Amino acid sequence: MKAAILGATGYTGLVLLRYLMNHPKIDEIFPVSSSSVGESISNYDSGIFEKELLKKVPSGKMVSIDDAKAGNPQVVFAALPHLKSAELCSDFYGKSVIIDLSADFRIEDEELFIKAYGVKHPNPTLQKVAVYGLSEWYKDRIKNANLIANPGCYPTASLLPILPLIKEDIIGDDIIINALSGISGAGRNPSPNSLFVKRSENANAYNPGTKHRHHLEIKKEINFENNKLKNIIFNPHLIPIRRGMVVTTVCKLTKSISNADISRIYNKYYGNSSFINILKNSLPETAAVISSNRCDISWQLEGDSIILFSTIDNLVKGASGQAIQNMNIRFGFEETAGLSVNGEL
Amino acid sequence: MKAAILGATGYTGLVLLRYLMNHPKIDEIFPVSSSSVGESISNYDSGIFEKELLKKVPSGKMVSIDDAKAGNPQVVFAALPHLKSAELCSDFYGKSVIIDLSADFRIEDEELFIKAYGVKHPNPTLQKVAVYGLSEWYKDRIKNANLIANPGCYPTASLLPILPLIKEDIIGDDIIINALSGISGAGRNPSPNSLFVKRSENANAYNPGTKHRHHLEIKKEINFENNKLKNIIFNPHLIPIRRGMVVTTVCKLTKSISNADISRIYNKYYGNSSFINILKNSLPETAAVISSNRCDISWQLEGDSIILFSTIDNLVKGASGQAIQNMNIRFGFEETAGLSVNGEL
Amino acid sequence: MKAAILGATGYTGLVLLRYLMNHPKIDEIFPVSSSSVGESISNYDSGIFEKELLKKVPSGKMVSIDDAKAGNPQVVFAALPHLKSAELCSDFYGKSVIIDLSADFRIEDEELFIKAYGVKHPNPTLQKVAVYGLSEWYKDRIKNANLIANPGCYPTASLLPILPLIKEDIIGDDIIINALSGISGAGRNPSPNSLFVKRSENANAYNPGTKHRHHLEIKKEINFENNKLKNIIFNPHLIPIRRGMVVTTVCKLTKSISNADISRIYNKYYGNSSFINILKNSLPETAAVISSNRCDISWQLEGDSIILFSTIDNLVKGASGQAIQNMNIRFGFEETAGLSVNGEL
Amino acid sequence: MKAAILGATGYTGLVLLRYLMNHPKIDEIFPVSSSSVGESISNYDSGIFEKELLKKVPSGKMVSIDDAKAGNPQVVFAALPHLKSAELCSDFYGKSVIIDLSADFRIEDEELFIKAYGVKHPNPTLQKVAVYGLSEWYKDRIKNANLIANPGCYPTASLLPILPLIKEDIIGDDIIINALSGISGAGRNPSPNSLFVKRSENANAYNPGTKHRHHLEIKKEINFENNKLKNIIFNPHLIPIRRGMVVTTVCKLTKSISNADISRIYNKYYGNSSFINILKNSLPETAAVISSNRCDISWQLEGDSIILFSTIDNLVKGASGQAIQNMNIRFGFEETAGLSVNGEL
């Protein structure tokens, strides 16, 4: 099978390239970067071994979007800047299955999109057909989708532990989500705020309350699952790790509930999952999931409240890994093909 | 003036030593370490320049507690393990002003102490005379105290932003405190959990809800200030920074309130403070306060909730710096003497 | 095929476990830890996903050495402390192929061993049959070996770039090797020198000149290849990275030589290698090889001197990865089976 | 006394600002940034406490170069980009003592300057009067200088341990300098190579041999001190620390020499120095000197070679601290005024 990566020079594009190089069902890859056409990939990303790359990218070079079109890839991953994705994906729609890693197709509602992003969606037709690609929750839709909106990293890590409790309707009106993100979440464009000297030995909250764009993506999913609207306060922080995300969520329980009950609920929703790891006697940590597509989850009951803990690798389950998982689901491959379930030491 | 440091080889002891070396009112220092008597300090801590040390520590070596007693120091800093402090401080009480950096004297109530630490206090008489040394809040008591219980790092960073709002009685019943701490908070004893390979590129919650000992210290102070009992959920996290602490607190407001109101409240309590920095247009970050005795504070109104942000250096305002500040208050020195108000670049 | 890991709780043991879990030819693994028999592995190392582990470690637990013996593994990896390895390997010799990751069998000469380690070798018979497992250089011997002494990390990174030049006899008498190592090289035992607070934002030389044990291992190999004895100054440094190693070597050339000549030499020795990456227009960096079994190499001519640059992941090509590579060579598997040639992003 | 900082928004400019705020002889500071005139400094650098800043910078804002001129500062620190410094310093020459932290005046020789920087010096007259400000070596000239060329970080750390041996003429023809630098050495301009995600967990050599501009600055000083020309190979590396530098130098001895001899030599040159710390039984580490103006030095004899070790904080002794030290020397202040001799914990 052939795959194209639109935006192959960003972090998520380069992680996708690694996964596709290792994927047993992928024979050829078109790494597209309009600004770097003809540039050698191994010079660009010194982690990729050129000898190996040449097996699936015969030229070893970044190609143009026209090259990718000419190759008729069965699957196209779009790892492009906001709104750019909506534009370029249109060209492939109907010919290839599109897995979009941008935020362009995550909000199906036109009004909500305007509220979140301040502009009208450039392609409302596509907007409506897109399927939200939170793999564990929308498998049936993903199987038949031709446009999959891969979720954001914060929404993935926040939603996975809370959705089962929302489904079971045991959560009160106020949900307070505290999140810590590694610096790769800010992308590869050089900015003063992403410099080593700025970030090492530093940590801070940013865009708190309802200011972060992922707030609305989380809110939409939580309220979609249940007709009682929740208030969500979402406080993201930057911490000096390259990859990884910790989410700690506090909410009230609407009824008395035991640890065994919670355990049963998680087992009901995730008992057969390949990547959800429900911890019994410990709290999750980011290092355990780095380079894996896992989400580690645990909880603690505290009076009439419950505290939820979850960790992911923001570049894997929070981006490129979940995109591969969605490809696997869509094409009927083994769900773990090309992915790792163990974190690196 | 002469000063002793009991437990001079720990992180807080060594930071105290630096501050006392630079303090204009201190002439002689007794660095006590019962396990390292006679050992050269500059060999022990390569950051301290022996040439300079000799000006105030003539031997340049760790001394015994008997040496310290023989020296009749006017002030004794106790940076000792739990319960060890209560024991050794007794010997100096009445002769020297004692500033205790352990948790031994932070809880005046006998029952509460047992609840927090699982044992009866070894010296209930001293327990009752100790003054809680949150400098900005108990200046009058500190001025006359002979035993000052220096606050913990989490309580300092958590209480400074919230106490004004508690005093003004505008906060609802539930307070959710999310805290991030640097690794030095775990102290210098080698443990698998404090290794570089374990902590670098890692982050996780630990002792959440009500499990951390500082939970009770925070709760006691918040409820001491107001007879309406608050529920406090306190979720500490470890993040890979050496020093520094970020606290993000969410609570409901009991009345409609504006940014100008909050600004006025903070100005009322901290307008004349030397170390409290109320930020107007930005959120605090740990790097800005490292090596300074500052606490940077800001807030955000969100619907009927308020989010509070605060940062400190856990080893300075959260430990040794506040101890020096308390000495300055107690002895009538300038409050900033020997301390820095600027963070290192 | 069945494999045992003696010393499964150390860094190299746990990395081996990951590789064996992913290896297509391994069906069952015996993770041996005499101090942790019966302890759950996934509790011990939160990066390993228990669901997956159970496929090859049915109990999911650490087992005893007797369990491992009873299992009759075809291959035994020994990741044990110094001298302990020599002792335990003897029990398996003749029944299993042994790949020893300790330093116990790297020096074949009895006198030299005493010089390096200060004690007589506990098993001189085995000492003599052991084959030094620098994969790219001793493939023929490894194919027939029943005891393979896996090289140290510093020797691997130092020898790979210099051995071709030694073989071609173009290097002068003095070789100056400067090396930078990640902290995992110090192993997992908690020590004050390996704490996060000690190592983050810190760097220093240690055991310089001829003091490091790897000095002799390097010297032996260089002089083994050529009867002209070289003086080697080896200056290792600790830098705050978890994994990774940079080696910068300076030596005089004994004849005039061009970049094309050097290129030809490296191509002669490594042109068909699966893991040696000769860089043309850039200098190697550690991040590019992390989690891969690669060694990236480049050079620069400078007057009558040559400067060599090399990087490896100390836990992979410098330990567990090369061990797997040696297993692959020994058993006739594909040399890259179970290993990665791309570094993580 | 009044001081101006040209280029106050760079790392060295902001560190200078901190030192001048703490300096007992400085009453007023003009922080000049032509691109940020009127911008609040405490917004720009959140580490500086505005309340304190206002004591010496009444407006609390960045000012223009004309404001600085109008203020008639007795001393001007130029922390400007290459060649920009030579241009702006000319305006102040003769009116203020100039301490230039750029590379513009470090090479007095016109031909050598062209060789080093590829262009003709824009102001050869000033070029000739500039005094190289390696404080410990040129005190007499600095005392009378009106233009002081503050040395580079690599030259400072490399020259301090080797110059005494050069003076004593005991070093052979080849000097191999290996250096590790923190990322702040690359300055504050956002570049892909300075991002946290690029630099954390990464290390590499760059501009080796004779390629780095500091190579010539080091060579000039070494050869200036002795008419026997030395070959210098200078291999700088980037390692993931914010601040700090380790230099490890290997050279042959031209005569038999003992540790006591070396000790005597260092004592002769640095026995009375305020900032040079000759270690007897340990190797220097960067963490020990961070935020201090110290240079820690030690050595090891190895056959007929000597290995030298030195560490500095690149932003302090390697830049802003040495600039303050030079001001102190020039104006007859105590040499340590405003500076620290202890590294931060």
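A, B, C and D label the chains in the order they appear, each numbered from 1.
Everything below uses one rule, namely that contacts are C-beta pairs under 8 Å (C-beta built on N, C-alpha and C of every residue); 3 or more make two chains touch, one makes a residue touch a chain.
Predicted model only: the values in this text are computed from it and were never measured.
Participant: A-B or B-C: which has the larger count of contacting C-beta pairs?
Facilitator: When B-C is set beside A-B, the one with more contacts is A-B.
Participant: Based on the averaged CA atom positions, which chain is farthest from chain C?
Facilitator: B
Participant: Can you check how far apart chain B and chain D are, centre to centre, with Cα atoms defining each centre and the answer in Å?
Facilitator: 36
Participant: Quick one: chain A and chain B, Cα centre-to-centre, how many Å?
Facilitator: 40
Participant: Would you kindly tell me how far, in whole Å, the mean C-alpha position of chain C lies from that of chain B?
Facilitator: Inter-chain centre distance comes to 46 Å.
Participant: In chain C, which residues are in touch with two or more of the other chains?
Facilitator: Residues 11, 184, 198, 200-201, 240-243, 284-285, 287, 290 of chain C each touch two or more of the other chains.
Participant: So in the complex, which bits of chain A are touching chain B?
Facilitator: 176, 178, 180, 198, 201-206, 208-210, 231, 233, 235, 237, 239-244, 246, 248, 250, 283-287, 290, 300, 302-303, 305, 307, 309, 311
Participant: Chain C touches which residues of chain B in the complex?
Facilitator: 11, 183-184, 188, 190-192, 194-201, 240-242
Participant: Please name which positions on chain C make contact with chain A in the complex.
Facilitator: Interface residues on the chain C side: 11, 14-15, 18, 21, 43, 45-52, 184, 200-201, 243, 274, 277, 279, 281-282, 284-285, 287-292, 294, 296, 315, 341-345.
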